[in-house]
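Before anything else, here's the structure in question.
The letters A, B, C and D name the chains in turn, as written, and every chain counts its residues from 1.
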């Protein structure tokens, strides 16, 4: 079997996110990072698959569960880490923190900690593209639970009515915080809502970066051609709590173990092994990610904390 | 190269918007019924025709509309959104308070949200409780948002221009009872003024009145009435409420020793409290306790005779002037 | 052909609304009513068809375009008229006025002047029914434009997820204020959105009270049986402006004349004529409505204005 | 038949909710993650099990949730809704301001909306700008809504009961930094108190401090610190902000002649302004200008060291006490 360069690149990108999140976890547990932190272990295939199809001019809007999205979009790990550690070198000098940072110079227009609120804002970035000749496509990511926030429907309808270049990516990880999505909807097919608004919609296996990339690539092309928005429901599972400290007692027995069997890194490694890739190569990929993130973390930890005397700055021009 | 034109308040806003669309290609103008129909009050009439797709109608989706303004502003546009009634901001208040207001500060200045929200507020005869509120105080407690409130045609023109030119989110609160009033000479085409400042509508020595919004008309009427009793007042109209011209108020009160604040919004928690607090904290000596005139702390009934009992009338301002000056 | 009693009753009920609205129009034009007033001429078949299927325990929530809904629900014309004239005998003593009145004693839980805001509130009345043994079905009415207000989707989803007894009636009159709905959506089939949420949805001719009644009757039964919400899109046209004073310049030439040909009173009269009903009978129905409304208006005008000294009352218990 | 139990702040709310659900069959309790998971802070733990379907989880639809509360309250239920963070109210503010607040007044008393919104607010270390705001001032400008803000376990219990029993909409603003604090003896099962009133947390003669919310702890600490310098203060904690106990404040200031208001919310347009305005308008003689301590008028940065520079600290309160008393 042929091994594509993309598969190994995806594996590396997913490992980077995984290790970043693991490092953040340990820094949070030993108190060097404080406050609420949302990890995306298990969901890495979605940012990795999606971001490889984005161009520099595209604008990405994620949720609070956004470290991996930022990293996949090209934001340096050290800038993210420093942000969570409230350093001067953080992408926003620590003002955003884990749940609300941005790095527009990398096309990462930011996390949002209000469920669903990023969707209308992404529509605005797409609206701008209609006039500025940038060719920008706006991408907004939100969870299954966010589908029930009215603003998301408003955003999808407005994008559809105006043929705006937006890709709506719904990371359906089955839970909204501690509550299963299927208890909160009658029709578990969330993409049906997009269809009803006249938006082409597809459901993909969100644990497979290749599937995600295919769908996002097509969506970007559709948008570029002036055909407006696409909706992608990417099914996945988070294999960690909603936030650090979540005991996950709401999960049925055995579910987590099952999810871990299908998580994207395990799965891609298995696939690559079947395709003949050696354990050494696979370990090498993991090792490379570990080395990179360790170095980035060290740089972040070495940077000075951002200066409290700057706290009044940048409220207004 | 400034000239003048005879314009109504609504016409002045229209002229300012036309100038913005003309001179700033990055502006966009949108909202419900603003484009093809020209706005339910006719304020945006003709702009779609003149500027094409940059002026467009939106679905009845205030959250999408305001969110779209935030996103477009983040990516280089200068959107001007109309929220038809200030009351309707409340279905989408998150996009103003949690989104627009945070963009610059939280990103440490890497992003900005130069958007203008045009809305109008207050009671008009027969309007229901959901179409009558004066909500400026809610916005004035939110750091990161600028607020302007023009009352005459010249300010309607000038403040709109300054708002759109400002690189931060600005809410311009208009008033529908003023749109179609008498025409007046408006200087157009002059330089864009920086945001901030006040207008001195009357000058006097006995008391400082701070006011804003359409009720400025009643304040002027009240001051003219009490002039016969020998009461003279500084009337400071705060056309910009954020930034608020505290210095001008203090300077006046230092001279008059008396303060009256008048707003159409209900009293408790209104921005009048902030003005009183700033003056009192400053230590400027007062020869009488400060006073506020505002609406009763109730909802606004549709019945005109009930609404009159709730909303501040010229007579209430006259009474307050007599009480605060002791004349 | 057989003439059913219901047909004549529907005609009478529609005439009552039409005459009520005409009377309100003239009082508004001569300045005895002030402020913004929204008439529903042309849309009478929807309230008439719907309300005839409602029981005393049901709770109706309408929009600002609600005079006819109130009347069809059984609120006395004099109480409505007096409300618009700000009299003590108005259903809310003039505090609600044209656009925000209620009369819960008749199962009319009120108008709402915030687009879409009545839908979640009706869901609450249905929620109450789940616990209070009342057998109440909640009915909420809103326009085509209101479908784009996020709260409406939220309300529909919550009702669906919880199987709540709600009937969602969308009066699709083609315009939201001055803007055609078809310019504001990609998919003009609004009922598709309800389907996507798992809600049975149907589109009916909203100019035929019998079709509306059939759909609402079935929806009420569905709700009563614990099967949750139904969505009814009733197509119609208003043959007046959005509000009194609307010049309707946004309408294409000839549209209004066409709409007037199909408006529900003209149409039912034509149908009844074909079924053999005499012109005298038809005129008698109209005359009866005119006499009733004239008497109600006179009583309302004779009542004293509500007393300004009461303006502080009823803010809190 | 009152007894006592050792409870945390969160535990006290849980006990009060259990009692409401037990004794008032018309109560319903709902919100995101409140039922099966027992709430993200564990405050509603066990209630679903004990009370079945009257306790239920909702979609992430604050507008639907609050609207459902209004509708259920109009039709005879007594809903208790949790909005997980006060910041999230803003996506659905219409249902509070334009809907719940209007029900009784606009219907001339024919309808009522006896609903309770439980929420929590304020900063906790590391929280982002969208999870840190103190929004009581927005609610306090809205006639028709009652507002309570418990700080100790006893008040958490008592105010929750009073709120749920109240026949008008009440927002109870809790604080997540308090939920899991130390346990204290809480009288439970006693009679339900009427809404309103204050708590006198310290008694003194030199200055009147008015405060509310979690920052009361810092105020007490500051007062204890300045006691060494011979400064003594009345500390009036406004557990109910609407109705607000103006009389108690005036009575105290009449004695002390000095006023300091402390809140965690940012200064401009905060409710502190209203308190200062009421005191100054009353004409009670002051021996020094009144003062306010609140957060800087900025957004709240996530970085702990920056947030500390923005939010009022005990040292700021000490400084203000020294300044206002001149000691």
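Heads up, the rule we're going with is that contacts are C-beta pairs under 8 Å (C-beta built on N, C-alpha and C of every residue); 3 or more make two chains touch, one makes a residue touch a chain.
Small disclaimer: the values here were computed from a predicted structure and weren't measured.
Trainee: Farthest chain from subunit A, comparing Cα centres?
Mentor: Computed centres place C farthest from subunit A.
Trainee: For subunit C versus subunit D, what separation do you get between their C-alpha means, in angstrom?
Mentor: 40
Trainee: State, to the nearest whole Å, the distance from the C-alpha centre of subunit A to the C-alpha centre of subunit D.
Mentor: Each chain's C-alpha centroid was found; their separation is 36 Å.
Trainee: Where the CA atoms of subunit A average out and where those of subunit C average out, how many Å apart are those spots?
Mentor: Whole-Å distance between the two chain centres: 46.
Trainee: Please set out, as single numbers or ranges, the residues of subunit D touching at least two other chains.
Mentor: Counting only residues that touch two or more other chains, subunit D contributes 58-59, 61, 63-64, 87-88, 91-92, 94, 98, 102, 105-106, 128-130, 143-144, 296-299, 301.
Trainee: Going through subunit A residue by residue, note those that touch at least 2 other chains and give them in order.
Mentor: 93, 95-96, 100, 112, 114, 117, 148-151, 154, 157-158, 161, 183-185, 315
Trainee: Chain contact topology under the given definition, line, ring, star, complete or other?
Mentor: Contact map by chain: complete.
Trainee: Subunit D touches which residues of subunit A in the complex?
Mentor: 33-36, 64, 86, 90, 93-100, 112-117, 145-146, 148-151, 176-179, 183-185, 249-250, 305-306, 308-312, 315
Trainee: Any idea which subunit D residues touch subunit B in the complex?
Mentor: Spelled out, the residues of subunit D in touch with subunit B are 63, 87-88, 90-94, 97-98, 101-102, 105-106, 128-130, 133, 137-138, 140-144, 242, 265-266, 268-274, 276-277, 280-283, 289-292, 296-299, 301.
Trainee: Under the stated contact criterion, what part of subunit C meets subunit A in this complex?
Mentor: Residues 148-154, 157-158, 160-161, 183-187, 189, 192-193, 195-199, 228 of subunit C touch subunit A in their complex.
Trainee: Per the contact definition, I'd like the list of subunit A residues that touch subunit B in the complex.
Mentor: Where subunit A meets subunit B, its residues are 59, 61, 91-93, 95-96, 100-105, 109-110, 112, 114, 117, 119-132, 134, 136, 138, 150-151, 154-155, 157-158, 161-162, 313-317.
Trainee: Spell out the residues on subunit D that touch subunit C in their complex, using ranges where they run on.
Mentor: 26, 28, 53-54, 56, 58-59, 61, 63-77, 79, 92, 94-95, 98-99, 102, 104-112, 143-144, 146, 166-168
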